[in-house]
Structure formats: C-alpha cells, structure tokens
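Next up: the structures, one after another.
Two complexes, one shared chain (chain A), two partners (chain B, chain C).
== the complex of A and B ==
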C-alpha cells in the first residue's frame, strides 16, 4: 500500500467513527432526516464564510457552516411548532430553501472560484491526500486528516463526558428535565456536534457519504443489540468496516470511493436487516410462524383437556372437526410430542401429565395475564415472550 | 395543619399561546396521598410538568417546601405517563432504574456500585429483580410501570409525582403499586397521582384535586369527593354517588 492509500483509508475510517457517534443518537431520537438537512443547508454558510474570509481553508468556514446547521435545526423546529406540518415536511421545506440559497450565491458571485456543487455533494476522497498541511515548512500530513481527527477527538471527549446525560435525555426527556439535565442544552449540543462533523467531513467525503455514515451504521447496530454502549461500538465497527471495504472495492472496480462506501453501508444494513437474530426480517417471520403453531397447539391441548370422549381425541378428528389442514395438524402433533405433552395410542391422543399441567398454566396466564409463573416457559415458547 | 409540600400560585400554562391551565392556585400538604382527577385534556399532565419545571408557565409560580423547584430537585421524583418514552430504546430494566440516581450525581459524574445497589433494592421492592437484564420492550405494561416506580423509589425523594401509573396494568400490579404508594405515605412522603378510575379514589387516596383547565376543588377525599364537584369537573351529571 502506498502512503496515499493508507491516508485515504485512515481519513475515511476517522470520518466513519466521527459520524457514527452522533449518528447513533440521531437514530435513537428518530432524527435521521435532520442530518440530511444539515448536510445540505450548510452550503450557504460555507459560501458566506468564503465571501468574508476569501479563503477556502479558513477554520472560520467550518464555524460558519456549523452555524447554518444549527439555524436549520432551529428553523425546522420552529415550523414544526406551528403544528401546521409534520417534522419531515418541515425538514423538506427548510433544507432545499437553504441549499438553493447557497447554489444561487455561488452562481452569482463565485463563478471564478473553486466551489462546485458536484464536489460538495459527492466529495472526492481520492484527492484528500494531496491537500497537505504544512507547518513551518514541514509536511505534517493531509489537511483533512487533521480536521476530521480534531473533530473526532472533540466528539469522543464529549461522548465520554456526557454519556449519562445523552442517554437519559434521549430515552426520557421528561425525566432528564426534572433531574436538572436540560434536554435543550443536550439537544443543541448534539446538533452542534452533528453540524461540525458534517462540515468537517464533507470536504473530504461529500455530503451524501456523510449522511450515509451517520445513519446507516447506527441503524444497522440498532437491529443487533439492546445495549446502548454496544450499539455505539457496533456502529463504529460497521462504519470502519464499510469505509475500508468501500475503499478497496472502489480500488478494484476503479469507481468512486464515496459511492463504494455508501454501497457497502447499504449492503451491510441489508444483510443485518434480513438476518439479525431477533429483529431481522427472517427471525420475525419465523417467530410469527412459530407463534401461530403454538396458538394452534394450545387450542389443541385445550380441546384434549375438555374432552374425554375417544372420538373427539382421534387423530383424524384434527383434520375433520377442528378443521385444520394436514400440514398444520402434523406440525402441531410434532411439537406436542417433542415436548412430551401428549402420547398417541391407536390413533387416540391423550394429554400427558406434563401436557395437562402446561395447559392449565397457559390458560391461567392468558386469563389473568400474570407473568411470574410462566417465566420458565418463555425459553421454549415464543408465544409467551411478549 | 402540617407543612405545605407543594404550593402553586396563579399558574397559567399555554401551548402555542393557547392556555390549557388557567390561574391555578393549589396547596398540597405534606404527607398526603393525593389524586388529581379530571377528564382527558384537562391539563393534569401539564400541571405536573409545570410543577417539575419541564414546561415553562406563562404566569405564576411554583414552590416546593417554600423554594423554587430548581433548588429542590433532589426532593422530588417523577413517574411520567407511560407513552412518553421510547420503549424500543436499547436499555435494560436495571439501567432504567439506575437513571433515577442520575439526579443526585449531577452532571458528568457516573453511577457506581452504590447507585447499582440502590437500583437493585428498588427493583426488589417492586418485585422485578428477576427481570433486571430484560430489555424494556420485552416487559408487559404492568412490568414497565413497576420499573418506572422503582426508578422513582431510587430517587429517595420526599415528594412523588406519578402520571397515570395504573394505565394499562393488570389488577395485581395495581394492588402492588398502590401498596407501595401507601407505604410511602406512611413513611411521611407526599404522593401525587394523576388518576382515572373514579371508583377507586376513596379507597386509594386521602386527598383529591379536581381539575379541568381551572382548579375546581382540592381537599380531603371525605369532605370534597362528591357529586357536586364531579359534575363541575366532568360536565355530566353524577346522579348516583360512586362513594360507598
């Protein structure tokens, strides 16, 4: 690997981590869309910052842009508070307006400078290593690396310092407020970090990839864990993985790096969405099917409990009287037998002691909706897992 | 007469300049178990949120033992209405109860062994210890409410506010919760509960406030829980007394 290749991967990975952290909280706060809005509406901030400083490399530019990001959030909230439109509509109103102001400002005034919309939206990671930071004549590395590195450092420090506050205000705003952790301060703090991260990162990777890196890893991690810390770690992991994989895919296919990373992010999400152990589509479908069978099982067991007559307990009766198809009857019988709840003699089905006890307990649960006594059953049966 | 735990003066609260609470005056004596009753949309939740500084009133003031809420946070615990949190949030029952300790920790400081022990004790009290590692969406409605109660208990406050703690819970949880509330009152705490089931008011509570945008009445259940006040609050005629 050349040093440029290493630098690109390093920048992409750092951006991924810096995005995954605020992204996790945005996803949990159901604010994924706002990152999209921020990433677009910071454009006028950059342009105005450029008019004032006449220097595309000025750190003031980042501040101006981050400030526009905050204005976006405030505007969206203001429109939303009027209760005339929903949040996503408010977002949809604000960011195209701000973005187009930016585009117009560029078209009118900055024709002669290097500020073009394509570069802003897509970025070009491949060029990042060529823009070096020179201090006292010494080359200390790509400028982007320093920018995104500093942002990551700030983000990490804030995360570690205010983890508890972020958690409680995201989970339960009312409690946070009553405990004295101003949810508004935390909210705008998070929005500021998101804005600064977006601005700092998009110079390197473009607006679209910034949004993808904020949302996709967090959304993927959300499907896999029930622990906030693990969710953060997973999101960071998915981000880094996609950044590096994406880089090499782009390398092999000679494609855009940002585009490849976005694609990998999408693929990773898709895989997890399908195959996640408990929240994945396949697991959910399987669980629903199991629950259907279990309801049938219970119906059947109850039938056995209520009927002593032999003809009511004949295997054939399942198909004819309870009106079940063969497949269903068979899976119910199998499940009951596997759990030693019934025994079948001469085609006549009877409850075992265990089956009898199980039926009573289950019925009791369904009637009283009391959980304590069926805790042990939850491991074997989906039906009772809420 | 005993000390005043909560005092509300001329409180008016609005959403988007539309007042939903008008000029409320209210004194809650220390040591009562009080129900706030009123129809849907009467402003019951709004009243509690304003007392707790979650909403800013457009007029009036609130004091807790004679001082503003800001100074008295540690004395107050709050159980919000059930719908107000995201149950799919990646967190466990124990973790949620631990959040009750955050107030005493203040900013930045993190919970440690002491806080964990307090949280486990509170879980034990509400009969939920065996569920401590369960993700909160995998708890039944009644269990979720017990977790909220445990979180309030861990705050070890003097005044407890609960917004419809019996909403969507089964009979046994309701009994368990009311027993804990009665035990709190016995220990000298003040407990304020938004309550919907008028039938059980005389049985559960000793103090009641009728609210419908304005305060209709407040006082001991035995003196003021009558058809007259119910009619004023709910607008319909309460012919048959629901008292025994």
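== the complex of A and C ==
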C-alpha cells in the first residue's frame, strides 16, 4: 500500500464516520430526505463561494455553502408552513431549483471554474492526496484530510456534549421542550452540522455518496438494534467497513471510488435487510407465516372444543367446514398432533387433555384480554410473544 | 433574435422543432402523472425512481453494447421499477420510515449506477461516450423517433387514465372505501406507480436523472393552487408542464452554454412561485389581502360597538361626543372613523362625533348578533 492509498482510505473512513453520526439522528427523526436536499442545494453555494474565494478548500467556502444548506432547510420549512403543498413536495420543489441554478452557474462560467458537474456528483477522492496542505514549507498531509478531520472533531465534540439533549429531543419532543431544551436550537444545530458535514465531505466524495453515507449506515444499524448508542457505533462501523472495502473494489475494477463505496453500502444494507435476526425480511416473513399457522391452529382447536358431534370432527369434514386448503389443514393437523393437543382415531379428531386445557386458557385470554392468562402459554406459542 | 423570428425558427428548424415538441410532450405527460404523485404524497418517489434508473441504463448498455435509446430506457424502466418496489418492501416489512427508504434506494442505486458508468468508461468500447448525458439530460440529442416514442407513451397514458379515471380518483382520495367497494386496489396502485416510473424514464434523456423529479412535481404543485378539482388539476399540470418545456427550450436555445434541463426546471419553478403567490383562493398574496380586510372589518365593528356603548347611556343616541375619547380605544383609527362616516353610521361636526340613527341600529343589531353567536 502506498501512502496515497492509505491517505485515501483514511479520508474515506473519516468522512464515513463524520456522516454516520448526523445521519443516525436524521434517520431517527424521519428527516433522511433533508440530507438529499441539502447535498443538492449546496451546489450554488459552492459555486458562488468559489467565485469569491477562488479556493475549493477554503473554510470560508465551506461555511458559505453550509449556509446555503441551512437556507434550504428554512425555505422548505417556510413552504410547509404556508400549507400550500405537503411536506415532501416542499423538499422536492426547493432542491432541484437550487441545484439547477448551480448547474447553470457552472455551465455559464465553465472557463473560470475548475469544477465540473461530474466532480460535483462523484467527488474526486482519487485526487485528494495530491492537494497537500503545506504549513511553513512542511507537508502535513492532504488538505481534505484536515478539513474532514476537523469537521469530525467538531461533530464528535458536539455529540458528546449534547448527547442527552439530542437523545431526548429525538425520541420525545414534548419532554425535551418541557425540560427546557429548545427544540428549534437542537433542530437547527443538527441541520447546521449536517450541512457542514455535507459540504466538507462533498469535495472528497461528491453529493450522492454523502447522502448514501448518511442514510445507509444508519438505516442498516437501525435494523439491528434499537439502542441509540449501539446504533451509532454500528453505523460508524458499517461506514468505515464500506469505505475501506469500497476503495479496494474500486481499485480492482478501476472505477469510481465514490460509486463503489456506495455499492458496498448497498450490499451491506441488502444483507442486513435480508438476514437481520428479528427485523430482516426473512425473519419477518417467517414470523408472519408462523403467526398465520398459529391463528389457524387456535381456530381449529376452538372449533374442536365447541363441537362434540362426530361428523363435525371428521378429518375430511374439517377441510370443508373451516374452508381451508388441503395443505394448510394438513399442516395445522400435524402441528396440533405434534404438540399433543389432539389425537385422531378413525379419522375423528378429538382434543387431548393438554389441548383442552390450552384451549380453555386461550378462550380465557380472548374473553378477558388480560396478559396474565397467557404468560405460560407464551413458551409454546409464538403468536403471543409479539 | 426576436420572438417572431424564434417562433418561425421553431417551425422550420428540424432540431429546434424536435426539441421543443419533445420537451412540450414530456412536460405534459409528467405534469399529468405528477398530479397523482403529489396528491398521493409520493412527491419524492420521483426523485428516488429517477436516480434508481441509472444502473438500469448502464446495465442495458453493458449487455447490448449499443447506445440505442429505446433499450437503454427499457433498462431504466426495469431498474426504476425494482427500486420502487424495493422501497415499498422496506416501508411495509421493516420499521424504517419512507423517507429513509427513499434516501437509501436513491443514493445506493445511483452510486451503483455511477460505479457502472465509470467502469464502462474504462472499457475499450468507443460507443460509450455520451452515456453520462443521462445524468443531466441533453435535449439536443433528441431525434424525431424519440419524440414519437414519447408521443405514443403519452397517448397510452392518456388512454389508460381516461379508462381508469374513476378508479384512480377514488383510490387517490379514499383508499379504504375503494377496497370496500371491491376494486382491486393493489392493481390500480401498481398501475399508477408504473406509469409514474414510465414518465420519469421518458424524461431521463431530456432532463436527466438528477432534475427529473422536479419535472414531476413542479407543474402539479403549481396546478394544485388553482383548483380543487382533480380533472382540472391534471389538465392544468399538463399545460404548465408543456409550457415549461417550450419556454425552457426557448431560453436555453437563445443563450450559449445553457443546458436545457436545468432551465426547464427553473421555468417550472417560476410557475410554482407565481401560483403560490397569485392563486386567487390559496395564494399567499390574496390570503394576506383577506387577512388585512378581515382585520379592518373587525376594527370597524369594534369601534362601532364602542360608540354604541357610549351612545346607549344617553337619551338622544345622536348626542355628540369628542373624538378624543376614542383615542384610548384600541382599534380606532382615522381610517375606520372615515369609513363609518362613509357608511352614514356616524356624523362628524368639528371634532365631535355623533352616532346616526342608522348607525345606532346597525350597532345594536351587531350587538344582538354577537350575543346570539356567543350563546
């Protein structure tokens, strides 16, 4: 590994961490699309800032562009307040307009600006190590490393200082307000941090990857845990993993680093989405299937308890009576038999003692709807666990 | 170049005619279908779909190795649909909210698309140049056959919309009721969503992935301000969309270095701005005017009621009083007094005022009405 490669991976990882932290709160506050809006609408801010400072890495430009991001948020909120359109429409109206202005500004001044639209969307991570920061003639590393590093430092400081406030206001706005934390200050604080991070990361990884790095690790982590601290740690972990993996994939394919980091993020999300233990799609589908069978089983047992007549309890008759398909009735019969709830004699189904007791309990629960009745049923019954 | 000259050019010049026609048709169809997206609160779905279409374009190119716009659009359509249904899967099967799902699919698909695009650029296939025009769109690459495709798709959309108008409408405003009526809501839903995806994919070549969502939203959001009727809204949105296309093309054609897509989006944005401000029933301007007018009326009533309370204590209702005593009363202005005089409720003599019989009557009725409404 050359030092340039290490530097690129370092920058990518730091950006990933810096994005994952505000991203987690954005996802929890249901404001994920705001990050998309910000990442697009800072473009005119960057272009205008560039005209003023003539330096893409100037802190002034970052502040200027971040300010545009906050303007976007304010504009969106203003449009929402007029009640003329729905919230999401407001977002969808503001950022394409601002982005268009940015694109037009770049196109009109293509000769003066060393910015092209591809770089805006994708960033130039591969070239980041060439732009060195030189202090008193000494080379102290790439400029973007310093920029994203200081942004990460600020974000971390703010996170640790205001963790409690952020947590309370994210999960219970009313409580936060009554405790005296101004919701507006926290809201705009978070928006400012998101904007600054977006702008700082923008140069390195481009507009789209910023959004991906903010939302994807947080969403992936959210599928695995419901604990805020764990979620933050997981999101940071996913971010760093994707950044480093993404770099090597890009190296291997000779393609865009930003694109391949996003792709890895996507794959990680896909894996977790499919296989997460309790919230993954496979687990959810399995649970739904279990619950369906259990409801069927309960219906079936209740039917048996209600009918003493032989013809009502004939195996064939059950098919027709409760209107089930063959496969389904067979699987329900098997399940009941396996649990010693029923026994079948000459095609006549009857409840065993265990089944009888179980059904009575279930009826009790349905009638009283009191949780205490089902505590011991929970062990053999999936349905009541949720 | 003046306007008449430009209009003449639109009809004679092949490129300009094709582009103008293309953007106009595109604006019309996106406006039309965008109305449904906006009313279904799926505004940002368009943004996600248009980004999600990018890998489809790249994969279609990788498979066929040719840059035929129809096959690329089919690829875009497929990957847009996959993105849409994945979003639905995330929202319905996990506890992630729709905004997270949208942002996820948008950025992940787009990033994957960019990976493929940069990968393609390194391939020794001379054909690949120009694939990136799908990012921001390039109306100049439109040819007559593209316009025909758009026109045909628009025609199909229009036909299906007219056929299923009742179903679309009822699903839009009361999904549960639709279900109880026995309509297959899922099919109608998929139909609408697929058409929205189709409209977005059509526009990719002209406006590009990034700005396509605005084409879907802006005309519809503008049209919404002028009417409360769905049919009028769809019609207006189509009109606004078409005009954005035509004006945007005209503006970008008259200048160098102005890409058509962003200009069209900005023109559509101007339509939205005008609608927000000047729409008679919902617009901000008229809302403000109504607000001020209501406040004036209220002040007038307050002043009259105050005068009535003073006049009541005298045997002669027209007993003159000094204007000065009104000064302590909030809501009194010279303007309101003048208005009362105009209405013949009050007479002014020097710096004294007196209530007329008519004014006294009006005030006492006002008072009664207030009593009634209070109870």
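Definition applied: the second predicted complex is superposed on the first by the 362 of 386 C-alpha atoms of A that agree within 3 Å, B and C clash if a C-alpha of one lies under 4 Å from a C-alpha of the other, contacts with A are read in each partner's own complex, and residues count from 1 in each chain.
To be clear about the criterion, contacts are C-beta pairs under 8 Å (C-beta built on N, C-alpha and C of every residue); 3 or more make two chains touch, one makes a residue touch a chain.
None of these values were measured; they are calculated from a predicted model.
Visitor: After lining up the shared chain so the two structures overlap, which partner does A:141 touch, if you call chain B first and chain C second: first, second, both or neither?
Guide: neither
Visitor: Who does A:223 touch here: chain B (first), chain C (second), both, or neither?
Guide: Only chain C is touched by A:223; chain B is not.
Visitor: Scan A:99 for contacts with chain B and chain C and give back first, second, both or neither.
Guide: The second partner, chain C, only.
Visitor: Based on the superposed arrangement, let me know which partner A:237 touches: chain B (first), chain C (second), both, or neither?
Guide: neither
Visitor: Does chain A have more residues touched by chain B or by chain C?
Guide: Result: the larger residue contact count on chain A belongs to C.
Visitor: Which of the two partners, first being chain B and second being chain C, lies in contact with A:180: first, second, both, or neither?
Guide: First partner only, chain B.
Visitor: In the overlay, answer first, second, both or neither for which of chain B and chain C A:172 touches.
Guide: A:172: touches chain B, not chain C.
Visitor: Can A:189 be said to touch chain B (first), chain C (second), both, or neither?
Guide: In the superposition, A:189 touches no partner, neither chain B nor chain C.
Visitor: Once the structures are superposed on A, label A:273 by its partner contacts, choosing first (chain B), second (chain C), both or neither.
Guide: It touches chain C, and chain B stays clear.
Visitor: Overlap the chain B and chain C contact sets on chain A and report the shared residues.
Guide: 30, 82, 222
Visitor: Which stretch or stretches of chain C touch chain A in the complex?
Guide: Listed in rising order, the residues of chain C that touch chain A are 38, 41-44, 46-47, 51, 89-90, 93-97, 99-104, 106-119, 122, 132, 135-136, 210-211, 213-214, 217-218, 221, 224-225, 257-259, 261-263, 265-266, 269, 272, 276, 282, 284.
Visitor: Can you list the chain A residues touching chain C in their complex?
Guide: Those residues of chain A that touch chain C are 27, 30-33, 35-36, 40, 79, 82, 84-86, 88-89, 91-93, 96-97, 99-101, 103-104, 107-108, 110, 117-118, 121-122, 208-209, 211-212, 214-216, 218-219, 222-223, 250, 253-256, 258-263, 265-266, 269, 273, 279, 281, 284-285.
Visitor: Flag every residue of chain B that touches chain A in the complex, lowest number first.
Guide: 16, 49, 52-54, 70, 73, 76, 78, 80, 84-86, 89-92, 96, 99, 102-103, 105-108, 110-111, 130, 135, 138-140, 143, 151, 170, 172
Visitor: Using the touch rule from the top, collect the residues of chain A that touch chain B in their complex.
Guide: Residue positions touching the partner: 28, 30, 81-83, 161-165, 167-168, 170-175, 177-181, 222, 225-228, 230-231, 368-371, 375, 385-386.
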